[in-house]
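Each in structure tokens, the structures are laid out below.
Next come two complexes, and both contain subunit A; in the first it sits with subunit B, in the second with subunit C.
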Partner chain A sequence: MAIMSFIFVFFFLSSLQPILSLYEDQVGLMDWHQQYIGKVKQAVFHTHKTGRKRVVASTEQNIIATLDLRRGEIFWRHVLGPNDVVDGIDIALGKYVITLSSGGSILRAWNLPDGQMVWESSLHGPKHSKSLLITTNLIIEKDNVLIVFSNGRLNAVSCIDGEVLWKRDFEEESLEVQQVIQPAGSGFIYVVGFAASSQFEMYKINAKNGELLKHESTVFSGRFSGEVSLVSSETVVALDSTGSILLTISFHNGKISSQQTPVSNLLEDSPGLAVIIHSSITGIFAIKTDAATIFIRVIGEGKLEVVEKTNHETVVSDALSISEGQQAFALVQHAGSNIHLTVKPAHNWDSNLLKERIKMDQQRGFVHKVFINNYIRTDRSHGFRALIVMEDHSLLLLQQGAIVWSREDGLASIIDVTTSELPVEKAGVSVAKVELNLFEWLKGHVLKLKGTLMLATPEDIAAIQYMRLKSSEKSKMTRDHNGFRKLLIALTRAGKLFALHTGDGRIVWSNLLQSLHKSESCRQPIGLNLYQWQVPHHHALDENPSVLVVGRCGPSSDALGVLSLVDSYTGKEFSSLCLVHSVAQVIPLPYTDSTEQRLHLLIDADKHAHLYPKTPEAIDIFQSEFSNVYWYSVDDDNGIIKGYALKTKCSGIVADEFCFDSRELWSIVLPSESEKIITTATRKLNEAVHTQAKLIADQEVMYKYISSNLLFVATVAPKASGEIGSVTPEESWLVVYLIDTVTGRVLHRMTHHGSQGPVQAVLSENWVVYHYFNLRAHRYEMSVIEIYDQSRADNKDVWKLVVGNHNLTSPVSSYSRAEVITKSQSYFFTHSLKAIAVTLTVKGITSKQLLIGTIGDQVLALDKRFLDPRRSVNPTQAEREEGIIPLTDSLPIIPQSYITHSLRVEGLQSIITVAAKLESTTLVFAHGLDLFFTHYAPSRTYDSLTEDFSYALLLITIVALVAAIFVTWILSQRKELQDRWR
Partner chain B sequence: MEKGKGVMGAGRRWAVDFSDNSTAPSSRDIPDPPGFTRASVDQDDSAVSRQKNDAEANWKAQKAWEVAQAPFKNLLMMGFMMWMAGSTVHLFSIGITFSALWQPISALQGVGKVFEPYKDNKVDLLGPKLLFIALNLGGLALGVWKLNTLGLLPTHASDWVSSLSPAQEVEYSGGGIPL
Partner chain C sequence: MAPIARLLLLALLSTALTISSGSGDGYTINGRVKIPQGLGTKGFALPGKTSNVKVILNGGQIVTYLRPDGYFSFQNIPAGTHLIEVAAIGYFFSPVRVDVSARNPGKVQAALTENRRGLSELVLEPLRDEQYYEIREPFSIMSVVKSPMGLMVGFMLVVVFLMPKLVENMDPEEMRRAQEEMRNQGVPSLASLLPGGGRN
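This part shows the complex of A and B:
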């Protein structure tokens, strides 16, 4: 008996923490990981030395990366913090990557081959200014020198160890340094800039010791604006603030001389406001007007001459010195579906070193940046390769008139993600190109069987692993039985829509949305959100599903809205609308029309509600539910939460039957001196809840308060809304609310004294879990609140329940004021969080797990049972049986439950969970700079055989058993006959 | 037994009847040996036989009562086993409970068979049968009670609401922080 109870306890304990880790050979079977770097801001080639050719790039997402020039793969990559903006990169001594970041205050050197940091030095100065990084050939005391201008101070830094050799401050209050020039081979540095916007200043500094050699200044009648363009080591070109007069300033031998040329003199037609394009080509600069890009050559004494006027979108690269005293630069122009890449020598505009025409995918938009590099061909002529950055943030390498490789780096800045089903497999429609034939199928199974029976050679094992990873089953373009194959539709910051296949992460289609493209009516379009517009599944199966993209013309909240409908199968934009009202909120309603188009309510800045789609059928459906539709808005700046109902038609000038006025029903005004809203959370619309009852020990029942109109709001003291540690525990508190958004009733309010944000929260079923910082304990904490409906608890009569004579499933109204009770508990947690989500299954039967995006950019799964307010230090036997874990002060982090296993999702932003058709499984997609996708079964795959289940072994076993039965039967017959004859 | 069935099937061509036909007078071809009287076997002394029959009937009745009381011991044994098994659901307790349920049921099914050997027109089997049934029903009740203590009977409200889907909501509200 003792042994038995021991075994029982052992099994019980071992079932408490199901280990959901992977085996090594299961990595990559169901998960994929993609790495991106974002939109490239600056690129430097490294092709001089023998060995691997590479390009170093810094991006707008604050990444420094080196890419393989042959294939575009990442060699190494460093993600600097969100505040550590890269100002400049360069390569020094042929082995160090130098980066200047954080507003010019941090200078770092990284080892080029492996990306290890060699040194770091912080540069501070008297005031904020432009940051400039210049590598030179100067040598001071055997050290190669970098010249860095940042924060109003000029520094000479040793390349070897980052030591500051000398520094010089430019403290003049109004001085804006524009350029720092180190003429090659000379021992001095020019620092040029504007003082008080109308004075040109030039400082000549000894490069060896930072001594000021000369200071000159000239006053101009006008004011300067924008950038200056360097046309030689002693001449700059600037524009005045009206954008109509060009100033050519030369400071040869320390003497400033200048020349003013009105832009209208150069161009016949009035060009309007012009701006200088940043370039560094000797003798040539470019200005851009509304209509054209104009290249102007400087001839001798400040004389200007227009060399070319291009009307297309034209991009120019920096100058590249290809041989002694010779510079080249690249121009990229668009012509229909082609782009023209031209490389010209700086001294002679009319000759071309290279002219290529490359066919370009229309879905990439315009070229935004170009970087060139040269190589010597076998016939000793110069060849050029160009790295171009497109409008959709993709990166392409062009060489010899072809695209060598391309990277879809737009995926590093995903704004919103939704999913779509794939087409149903139909007879006669061949969708899988790589169907396995029977022989291959058999061969595969024989191999698998060998693996199971441990007869496989290492080559066989490798073949089995390859087969598992490259299974054509998972990347088919049709719906599967388990619902694992879907399309992930992602909207990126560049306004491009991508559809990724969940099987292998490949891009099925992409579309640079025309409606989110700059146009006359929409100057600064930005994409906001994605919604599922049409999900056909019952009676409209012949229709393709579609997604709704909501955008806005401009950053302000009252800018006009843009809607676009995109077919999920093909990626074609079949409808786009420029709205006549703004978009403040989009509310998908729980009603669909006969073609399964979901009704959406768009709320504009004037609190009018607009119904979409604008069809008579939609309005009919909406009218029947009209009195039951409410909406609310959370004004986090003023701390006001307001609820509205819809009134009759808009009282506007234009009769619009799809527009409705709102009537304010309730408002919750939080005192602005003590509370500031920092986070809200609601339940996911598509979350399925299996049951309303929660069974607890001793056959008791608690009824969950399940409402989709539940809003979680977290507020902190206004003082404590800053960084952690900026306030004392006494001045800081965190208040959480649970609010019913129909009636405005506060269901629960709780204060955590001495706690502070940031708060990450997730609301699901009848519970909310949130994460915050406890200043008193100096630790992060997670709390759980569960909310139960006490007014249902008296449904205890078994006979009534047996015959179904109860009102538990009849529709409920929020106005019935259910009596609720809440239970809550808090625990310490080690990590700070970047995102939090909860697993989602199709029927909501499977137990839930929290998916936590840790500060280390990994996704950790944490069983919800650890966050159960009914945990106690010594649970009773009945509670233990129920699965209640003894209370501990902190939540455990089980290393095996990192679902990203060894990978990192750099810059993790959000975790998206989608239910598969298989009840046990959730599809998890985490995105940031990287993308990661996997299947996750919170309670293991109890409803399907594992992937490595050997069907061949099963078949063979059955066949063998049947054969054995026959053989033994025959043998027994024979023996019996012999016995009888005896 | 059954093994011979295959051979003695419908398709037999010939058969040798080895059975003893000596008692069937019709097939008696051979006369009885001298001194052998068949009548002495067939006819019995009536007084002796009546006595014998009475004793047998008594013995049968006694035996029938014994058999009828047998489940009582079983009941005690079962009770002890159940007490040993405890009230948590695991393999041991489930096994015990189900055997406690199965034994009375199978015994009740075979009531006729159990009392078959004691069947006699002189013996009243109704009493023993009723006792037997009552004791087995007691055993069954014990099993059901055990099942209930294990929580396997749907006698609580929780058993009926555990898969009750959530109530539908009348109102719908959406919104949040403006985009």
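This part shows the complex of A and C:
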């Protein structure tokens, strides 16, 4: 008996151990991590030296990265701050990557091989202006010089240490500098620009000391617009503001001479408004009109000649000098499912250095950018490689007519994620091609046993690791028993939908949505959200699940909406429609029709509700639930929260039986001079709550107030809505509300004086946890509010329950005005937060943990028990038994509970939790620039054997036991025999 | 600007000056991150390279990186109270509260927020290193004994060796009575349960 109780105690203790972390050799078993850089803005090749060939890229996500030119892997990568937009990059001295960022005010040099920052200098100037970075071969006092024009100031900066050697201001108010030119081999710099948009200004500056050598200007009759194109070191081409006259301006030897050519002279048909495409090819420039891209050559003294007019989408690269005085550039054109890559020398349009046709996946869209680089082939001719950026933000390297590598960098900007189940494994169809035989299986387990007993040799360990990581089980394309295998469907900013397998993170399919593609009717389409449209599990098992993609034609909230339905298994877009109304809010309703299509209510900017799918069946279902539909809207700018219900069918001119008018039920107007809404949070729709009752010490019961209509709102003083450090504690406060969104009743209101945002909040079951900054203590804080239903609290009498004299079966309604009590507590937390989420399990039995995305781009798991308002400094014995942790002023950070272990999810944006079928486990997907996925068991995997469970040890034990039984049996028989002889 | 920065750097090296009024509208915060050698090199393949250490002002407003010597600087900072965080894989840094005073520029006011320790100069050192993985315990007899299978075996051993001892210590009279009772009730012995054991 004592032993039995000992065993129980032991199990009890082992289950209470807070350690949930993993061993180093378990990395990659449950988790995967993918790194991206985003849409490339500028790329510079580094291929001159022997050794590893690289390409340096800056992206729209403010990243500087160097990639391996052979395979496209990241060597190093730096994510700059959100306001630190990269203006230009280049390579200097063959070993430094130079970046100009933050509107031209920060110049940094990074060591090319390892990415270590070498120097940083800050450049200021008199006014805001274009930022230009030029590397030169100039040498001043043995220093190689960079020429930087930014903030209205021209700087010469030393490459070695970032010191500014000289500077010159261009302070004229109206001057807009367009180009800074340093003709190779000369000792001067041209600065050209427009003043008062009709005057051309040219400054010639001594490159050695910044002295002004010459200043010339000419007035033109028209006005300039947009960019200028540099066609030689002393000639620029500009367009006037009407887009119809081309100006060729040359400033040879400091003398400005110009020539005007109407665009209509060059082209027979009127081209409409033209714009100059940015390029820097000697002698040739390109203009783009609505219909075509036109390449124009400059011959001699300002004479222009059209060399080619292409109607396809054409992209042109910058010039690349391939040999002494020779330049080449690349053109990429689309032709059906192929792209044509042409490399031409700048001086001769008609000849081609290279012409290749490459088959391109239609799902990548058009080419947006092309960068070229050359190499010398073995026969001493020039070979070219081209790096192209596609419409879906992917990056591809083309060489010798083939795609060498491609990177799906669109995944760096995920907007929304949903999941989909995989197909059910059909009977008789074995998906795994090679089933392991018994011997192999046993061998594997013996190896594992050796591993656990620490008897394995290094080769054995390598074999074990390989076996575990390669397990075909986790990347099968069928549903599994534990619900670990799913498809993660992600919508990216480029309008592309990706399906990722949770097992290994591979892309199962991808689709550049046609409905989110630029068109006549929809000029600026943007994707908004993803919803599960159809999840067949009962009636329509033979149908594939599908997702609903909601988009909008333009950035404003009253732009027309776009809907698209995509099959989750194949990625085919089987239906798409452009709506005649806007989409302000999408409400997935808890009703499905006979084919398991979920009903969705789309609220437009005029507060009309539109029901989808538009079928008679849907309207029948909806009619019966008509009076139970409520929703709310939050107007951040005016501080108004309103609740709505449906009224009648729309009374528009066109009869639309799927459109409904709404009526306003309630509104909460916050005083705009003292409160500004910064964050709202609601419960997840699919969250399961196991029990409403919470047993506390002394056999007392507390009833959680569980309502799916709970809204958490945080407001701050308008003054304190800025950055930390901008206000004093006296003039800042944070007010939090808990609001019932059906009745508009404020269930709880609390003020934190001397605190400010940003606020990150998560609401689950009956509690909300939020994170904010406490200015008085100058630390971050996390608070928890738990809300309990007091009207059910008198149900703890057992006799009442037995007799049936209780109100537990009375329906939960927002209108019943339940008496609620709230408990709250605050704790210090060390880090800033980027995201916060809570674990989600299928039945809600497993205890919850918070998943905290810290400023260091890691995800920390924190037990909810640390955020329990009933914590006290000295908990009683009963409370201790209940699992209440003694109160501490700050929340602990246990390094082993970082679920991202030693990885970073750079640019972390959000953490998504999905329940697996196994109650103990939740699937966690964190995305930002990087993607990270793992399984996480908040209370360990109590309902299944862990992966490192040793079957071999079990087998051996059983065999040993059976053998022992037989031996003892034989022994006992022998003994009995002897006894009888006696 | 750069010569000024260089001067600042020199000043920083010689004295403990951390904040100075830069040109333009703001101030400059200069500091240094120092990662002691020997910390964080306990076997696992981490020690965060200094090239990946980020220094973050006010929860992400400005992000900067370290120079090879560990120095960093934030330019154009308005007067007020700021928070500097260091993000380095493998190390735990306390956020630092830095007061930039408009009245007397150059005055150092920095304190670790975790333990409220004031800093005389802005040199940030990790409070501790972070071990993200559990260390596998080397094979020990105790771990086997503690495992469920070990407990099973242990229990069996106890039954086999201790029970007879208990039986021996009993009074022979009582023992005989108990045996008789057993025989009368016909409690099957182990031998009778096994195949072929029913002969007697």
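In this text, the second predicted complex is superposed on the first by the 902 of 982 C-alpha atoms of A that agree within 3 Å, B and C clash if a C-alpha of one lies under 4 Å from a C-alpha of the other, contacts with A are read in each partner's own complex, and residues count from 1 in each chain.
Please note the rule applied: a contact is a pair of C-beta atoms (placed from the backbone, for glycine too) under 8 Å apart; a residue touches a chain by one contact, two chains touch by 3 or more.
Here the structure is a predicted model, which means the values were calculated and not measured.
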Query: With the two structures laid over each other on chain A, which partner does A:893 touch: subunit B (first), subunit C (second), both, or neither?
result: second
Which superposed partner A:585 touches (first subunit B, second subunit C, both, neither): first
- request: Mind working out whether A:619 is in touch with subunit B, subunit C, both or neither, as first, second, both or neither?
  value: neither
Message: Taking the superposition on A as described, I'd like to know which of subunit B and subunit C A:628 touches: first, second, both or neither.
response: first
Query: Now for A:665: first (subunit B), second (subunit C), both, or neither, which partner does it touch?
result: neither
Message: Just checking: does A:976 make contact with subunit B only, subunit C only, both, or neither of them? Give me first, second, both or neither.
response: both
- request: Mind working out whether A:117 is in touch with subunit B, subunit C, both or neither, as first, second, both or neither?
  value: second
Touching both subunit B and subunit C, residues of subunit A: 976
Query: What part of subunit B is in contact with subunit A in the complex they form?
result: 3, 7, 84, 88, 90, 92, 151, 154-179
Message: If we count contacts the way the header does, which residues on subunit A are in touch with subunit B in the complex?
response: 1, 4, 8, 528-529, 550, 552, 557, 583-590, 601, 603, 605, 625, 628-636, 643, 680, 682, 689-693, 695, 699-701, 703-704, 706-709, 711, 741-742, 795-798, 801-802, 808-815, 877, 881, 976, 980
- prompt: Tell me, which parts of subunit C touch subunit A in their complex?
  reply: 1-3, 5-6, 22-24, 44, 46, 49-52, 54, 56, 58-68, 73, 75-76, 78, 80-83, 85, 87-90, 92, 94-95, 97, 113-114, 130-136, 138-139, 146-147, 149, 151-153, 155, 158, 190-191, 194, 197, 200
Field: subunit C partner contacts - residues on subunit A that touch it in the complex
entry: 3, 7, 10, 19, 21-25, 27, 76, 78-84, 105-106, 108, 111, 114-124, 157, 161-164, 452-455, 723-726, 758, 773, 775, 777-780, 830-832, 834, 854-858, 890, 893, 895-896, 898, 901-902, 904, 953-954, 957, 965, 968-969, 972-973, 976
